[in-house]
Amino acid sequence: MRFTTHKRVRFQHCDPAGIVFYPQFFYLLHEVQEDFLAGIGFPEHVLIAGGAGLPIVDLKTEFLGMCRNGDELTLTLELTRIGNTSIGMHYEVYGRPTAQGKASPIKLEADAVVVYAEVPSGKPIPIPDGLRAALLPYLQTLDNT
Amino acid sequence: MRFTTHKRVRFQHCDPAGIVFYPQFFYLLHEVQEDFLAGIGFPEHVLIAGGAGLPIVDLKTEFLGMCRNGDELTLTLELTRIGNTSIGMHYEVYGRPTAQGKASPIKLEADAVVVYAEVPSGKPIPIPDGLRAALLPYLQTLDNT
Amino acid sequence: MRFTTHKRVRFQHCDPAGIVFYPQFFYLLHEVQEDFLAGIGFPEHVLIAGGAGLPIVDLKTEFLGMCRNGDELTLTLELTRIGNTSIGMHYEVYGRPTAQGKASPIKLEADAVVVYAEVPSGKPIPIPDGLRAALLPYLQTLDNT
Amino acid sequence: MRFTTHKRVRFQHCDPAGIVFYPQFFYLLHEVQEDFLAGIGFPEHVLIAGGAGLPIVDLKTEFLGMCRNGDELTLTLELTRIGNTSIGMHYEVYGRPTAQGKASPIKLEADAVVVYAEVPSGKPIPIPDGLRAALLPYLQTLDNT
């Protein structure tokens, strides 16, 4: 199952060329992660208050299309792996179709690996069973890869 | 040859866990790119004013160690490729040695591909000869790979 | 009439003390301005594409309470003045009541003056009639001051 | 005595109109505060590690001129008041003279009040004597007001 959300490109995301300045995409992806975790019942701020965070260790991003101020984006998240302490996350960002009947153009694809870890030491700890069960429905299966 | 610069982790880079929030690293890497381009005589704001920018198309990052408020960082940039319209950039970020005689711990390694492109269309254009000549000394050679 | 919207404090807004780092409040206030302008039929990105922006010239802010990661905020905007080229904006930010029956605690109060201006020169120009008419219902009256 | 520092407007500070997006000025002012505190021997990250911070409670800003990507800025800080628990700070930001013999144009003037406070409770505490003594030379006197 894919977690899907929608966000609008804001003035604050855009650079003097009028397009999203690339680090800003990672704020948007982190918002998707926050929305996802809140949606499955484990809000990130509650995890952190409980002494655990999800620091990132690896990130691969392809920037496939420019996004401009005011663009409506669709962002999806699927999990590629749920390990003992780490989670693989696959993000896709789509713009609006440029004409009726056209497909939504892909703007960005990213693969992140985050680690469930103690805050503030950063020491990886096993993903608790409750969180693992809530993550599982979003694990990519062979069919939709 | 490596381009080397130094930056301090600022309050504004850090998150509630007291460490650099990962998108902030990309602001630092972009500052390195700006400092590099200014250092070789092609300040980015002059390029942009002249109608050309360097949008990113691909980025791979390994986050290898946490950085905290006040940390002194050493950041290096080397070019992995100078194509017709694209440039491969390799970044490394180091912290301070934790004790005398110890090596500087690596905190982050990143490989970016940027494209020399018209602003605002984003259409790739050949890297001009002057810029190419200024980039060349920073191209990674087999010896230091 | 007050324009009212709701936003959640995000991880990205918070600093090593776990509270909103103050410049981040201004991103939130600018989001309110964007949401307001879109709501009255004059999306900011359309104004800018048409050659006009709303640069700020004066800003007074009182920070009245700390906001933390995950806090649900209510943000209101009312206009204090609609001049020939300038607009006075009054913002209030409220948190959630700490107990049933309690009032929402105020977190921030801000007064901004923005100018309707040519982009990119920044030269003030008269507010067009259509925009003025759409702004008018949000002008503070004596009764609710 | 005025604390003076220099910063360059970066790509990341600028918006689609090519000018500094106003919340970014507050990152620059906070950098000035950090540089100042480090310069007088009380680095902010050391204060915070010791359980004290300087949250802002009041801020008045006049935006007097637009700043663009690549601009070299001079930023000054003077103290307007050193109270029992609070400090008044006066910032000025100047651009480069537009021609030889001309004065540096002022771009921004800001007055902030910060409070010496426990982290994370935010409870104001008296400014310690050592910090007070280090601040004192930067207190505005009648002569230079």
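Going by the order they are written in, the chains are A, B, C and D; count residues from 1 in each one.
We take it that contacts are C-beta pairs under 8 Å (C-beta built on N, C-alpha and C of every residue); 3 or more make two chains touch, one makes a residue touch a chain.
Everything numeric here is computed off the predicted structure, so don't read it as measured data.
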Identify the chains adjacent to both chain A and chain D in the sense defined at the top. B, C
Can you tell me the C-alpha superposition angle of chain B onto chain C, nearest 5°? 180
Please compute the C-alpha centroid of chain B, do the same for chain C, then give the distance between them in whole Å. 35
Indicate the whole-number Å distance between the mean C-alpha point of chain C and the mean C-alpha point of chain D. 24
What's the distance between the Cα centroids of chain A and chain C, rounded to whole Å? 28
Please list all residues of chain A that touch 2 or more other chains. 11-12, 16, 18, 23, 27, 30, 48, 69
Inside the complex, what are the residues of chain A that reach chain D? 11-12, 14-16, 18, 21, 23, 69
Counting only contacts in the complex, chain D reaches chain B at residues 10-12, 27, 30-31, 34, 43-46, 48, 68-70
Using the touch definition up top, name the residues of chain C that touch chain D in the complex. 16-19, 22-24, 26-27, 30, 48, 53, 55-64, 66, 119-120, 122
